[in-house]
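Structures are listed in the sections that come next.
There are two complexes below, and they share chain A, which is joined by chain B in the first and by chain C in the second.
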Partner chain A sequence: MVTKLSKRSYFLLGSLVVFSLLPIVLGDNRPIMHLLVLCFIWSVVAEAWNLILGYARVLSFGQIAFFALGGYTSAMLTLNWGMSPWLGILLGGSLAAGVGLIIGLICLKLRGIYTAVVSFAVHLVLPVLISAGAELGTGGTYGLLSIPPLYIGGYTFSKLQMVPWYYVAFGVSALFLFVIYKIINSPVGLAFVALRDSQPFAQSLGIDDYRYMVMVFTISALITGIMGGFYVHYISVISPSIFRLEVFLFALVMVMLGGMGRFPGATFGAFIIVFLNNYLLRLATLRLVILGAIVVAVMIILPKGLAGIPETVNQLLRRTSKRRGFNGDSQM
Partner chain B sequence: MMSPEMLGKLLAVVVALGSIYILMSLGLTLVFGVTKIFNYAQGSFFVWGGYIAWALHKGFFHLHYGLAFAITLGVAFLFGLLYERAIIHPLRRFAGWDWTAVVVTLGSALLLDNLALTIFGSRSKTLPPLAEGVFRFGDATIAKHDVATVLISIAIVIMLNLFLQKTRVGMAMRGIAQDTIGANIVGIPTHRMFGYTFAITAVLGATAGMLLVPTTTLYPGVGWVTFCKAMVVLALGGLGSVKGVVIAAYILATVEVFSTYYLGAVWALPVYLVILLAILVFRPRGLFGTW
Partner chain C sequence: MEILRCENVTRRFGELVAVKDLSFEVEKGEIFGIAGPNGAGKTTLFNVITGFYRGSGVIIFDNVNITGLRPHQVCRKGIARTFQIPQLFVTLPVVDNVKVGAHFGVQGGHDERAIINETINLVGLQGKENVIAANLNLFDKKLTMLASALATKPKLLLLDEPIGGLSPTEVKQSVALVHKINQELGLTVIVIEHLMKVLTKISRRLMILHNGEKICLGPPQEVTNDKRVIEVYLGG
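Right after this comes the complex of A and B.
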């Protein structure tokens, strides 16, 4: 376990260096830079979701709702009240965390599929409320436009200069990925591993799964909400279309493709999906048909995602002796 | 205060709407009960039912509507079998498939909805009502289509109950619902029963689509609205309970129709969510939930 962890830290350190040097190689190549910024943002969203799905084993479908809540809050505060974007992002994250706490307190007492039903119901209802709330400054169906960009000191970020955007996105996402990594390797993370392996035994040792789940659920909502705020100040528009099923599935597929409950997995998933989506863009509506087909195909061929390829191959080879193949897998 | 005629009209809508929600929710609860999968593609079954009927009757073939209705049901049945065989069956090779199944049904919903968008375009379509005209009771009127909807729904609920209680396939399904491994041990072909379950669900979804579309419109993605309501019906009635579904569907149809009348159509979904959260706080397993 110790050597495995340190190997992983070398890998993380290596990618840190590579990504901080990348702009020197790429120069000011705006399209690629733009995609990489999106990759950074979505990898945090995906890893925060992974924390809930893969580690806490809660089937939560509210993550995009938290993302949008953070984004909308920050956009409304900066546009309508002239607040600083940084403060807006923090307040947006806090609101998402507050809503997450309430939903978590209700949802996590429920059994598996009910959590999915309730959190997805929240996801389906929010766009309706936002479209109806034009008088409150939500922008209604058309959404909010020209949301101010971030600034540091006297410098205001702009799409014309992508390198600063790249570094700030990289810094923010590296920070939050590190936080998530720390949570996974903290006593809380270990408690989840224990609960995943044997719930009755873990509970008999005094692990209070409800409390931990609510805690992680709230933290995940906070991080996702903050990333939502960051996203809208980067993209500079937000509308109820953020709730489209495709956006939701994009993020979910990042987690699933990378591998649920395997830390850097969802980050790989985010990079693959963002770039793939960019290449499919010219196909119009057929793009989403293909994306749906990819989701289905990946789940059928690689149910444990990219990170689980060795295990999946193993399981297929051992299909005759089912007892060993099914060992250690948790059922919902 | 509202006039008696208005009240009568609204109640007629409540009964018709409730009946359609029953069909949608029954499909979901049947699949969940037997396979433990929450089928997020149910809304797409609903939409495709409407589109196939439209294509047969108006778009491409100009068949008589009754014939188109019947053929659509047959197509839905076959599609359900194929859906299980092609998408759900291969997942079951691996442990933990109940989670991947959730994602796969979401993915196939995306695929099916956008396939409909690609083939039929985004302009909304309509279907003819099953019967033209209205019944008159003094001042009050009830559309014949609404009466037909209610009668068909009642017939389906009774038939489904008889099927589950009396036939061998129905009993096998109940056996799997109670204990999948036990059912396997006594020799019930689980895979085939899964296929039948999805086939019946697809038929229920398509029927709901064909019955609801004449009173609203059909466009890709409309299934999600109904699907969302069906989820609330299930949460209120309790997963796995037919009685719960029937009662909850009518309660929620009442809430929807009256909140739409007094507050406006926009508020139907938010009111639903508030009700859903309230139910789950006070009674997490719904009114008649079995687990």
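Right after this comes the complex of A and C.
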């Protein structure tokens, strides 16, 4: 237990160092830097989804809606009212959190697939409202263009200089991944897992299921909404196409590929999907077929995802040793 | 002195009346047995007391009306329970299963670590703290469930068929454990059990339910000689 934990923190510390030094190795390699920035953003979105779907096992299908809410809010506030992007991101995250809270309240007594239906309804309704709301400054069906980039002090970020973008994206996502990690390992995370494993047992031991249902939706929506805001100021455009099925499925696949409820599995998933998607781009629509096949193959071979590989291997070993009649350490 | 009083408790499932106008009292410090054929309403009664089911009637615990409270609130008032089919946090190690009880079930500042260690030692799970609950055998699963319940520092413990499916040695250990919990911790215990032999041995008083109704309540010898009880059990 103790060695396992320290192994994990070594790994986290190691990746922190590697990613901090990466620009020195890569130089200002813009295409790669761009992909890495996307990896950072999506890894947080995927881990926030993992928190609610993998740890709490609450079927939230509203994650892309939270992402878009954060993005649209911040884009509209900065474009139409000249607000600072940083403030816009915070307000976008707050709005997403508010919607998450409401969904959580509606889902209090719902379980399983019903929470998916309620949250996906938001995903389905939002693009319709946004497309119809051009007069309110949503950009309608065409979306919003020239969303201002971030700035720090006197420096304004620009696509011509990717290293600063890289570091700010890295900093923001490292911060939120750390927050998610802390939540998972806190009593709040313990309550999520307890309710997931056995709701009656958890309740009988003093856990208020309503409270944590609302909490997990709010936290996950807040973080996802903030990343949505960050994303639009980086990409500089947003349109209702953010709601297309492809985006939704990619993010979901990141979580499943990485391993549900296995931090930092979804982060691995995000890196793999972002890079794979990019290198398969030239194959046009065939790309989706190939990605789909890869996902199916991985789910069959590694049902616990990439982060579950050690566990899957252990299980296989135990099974074969049992079959051979060894006295396997089934207790351990 | 009474610790739990149920007044006219009724719980229906559609047409079926699972618990019917049931009134009884449990005295502080006793082991109170509940028996009855399948479908007599024993587990339903536990679920009503612990807030999992809403029912009509009044439930008073420790001079506080706990009718209609939700399960986590009932727990914090001082009632802990176990489940007939072992409920566990299967992906978590034993120590974290117990931690849930120690963290969420106890009100006020307590030394969580100490509570966890105490309860694990009490039920005899020391050395298995880091075993993932899914990998435990049935007996250890039941012990883990019990340890988690005890970690909430209850005044009243409800055990739902604690020895079902256990070997004779394990039954003996469980009975000894229930006695220990009752005597050393001073906990009041209500036990649902099918095995009359065990139940008559451990309980101070016994209540027999049949079709949701109380047909007899008293000391074990009295109950086992009751005509209606014999009828229900042997089929009259």
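We adopt the following convention: the second predicted complex is superposed on the first by the 302 of 332 C-alpha atoms of A that agree within 3 Å, B and C clash if a C-alpha of one lies under 4 Å from a C-alpha of the other, contacts with A are read in each partner's own complex, and residues count from 1 in each chain.
The definition used in the following text is that a residue touches a chain if its C-beta (ideal position, glycine included) is under 8 Å from a C-beta of that chain, and two chains touch if they have at least 3 such contacts.
Quick caveat, the model's predicted, so the values are computed rather than measured.
Once the two complexes are overlaid on the shared chain, A:Ser198 sits against chain C while remaining clear of chain B. Contacts of A:Ile207 after superposition: chain C is touched, whereas chain B is not reached.
Of the two partner chains, chain B is the only one that A:Val117 touches; chain C does not reach it. Greater residue coverage of chain A by touch, when chain B is weighed against chain C, goes to B. Within the superposed three-chain model, A:Val296 lies in touch with chain B and out of touch with chain C [touch as defined at top]. Of the two partner chains placed by the overlay, neither chain B nor chain C lies in contact with A:Lys159.
By the document's definition of touching, of the two partners only chain C reaches A:Leu190; chain B does not.
With the contact threshold set out at the top, residues 330-332 of chain A are in contact with chain B in one structure and with chain C in the other.
Residues 1, 187, 190-191, 193-194, 197-198, 200-209, 261, 330-332 of chain A touch chain C in their complex.
If you check the complex, the residues on chain B that touch chain A are 32, 38, 87, 90-91, 93-100, 102-104, 106-115, 117-118, 224, 228, 231-232, 234-235, 239, 266-267, 269-270, 272-273, 276-277, 280-281, 284, 291.
Of all the residues in chain A, the ones that touch chain B in their complex are 59, 106-107, 109-111, 113-114, 116-118, 120-122, 124-125, 128-129, 131-132, 245-246, 248-249, 252-253, 256, 260, 285-286, 288-289, 291-296, 299-300, 303-304, 312, 315-316, 319, 325-326, 329-332.
Residues 50, 52, 70-72, 75-76, 80-81, 83, 87-93, 96, 99-101, 103-106, 128, 130-131, 135, 145, 148-149, 151-152 of chain C are the ones touching chain A in the complex.
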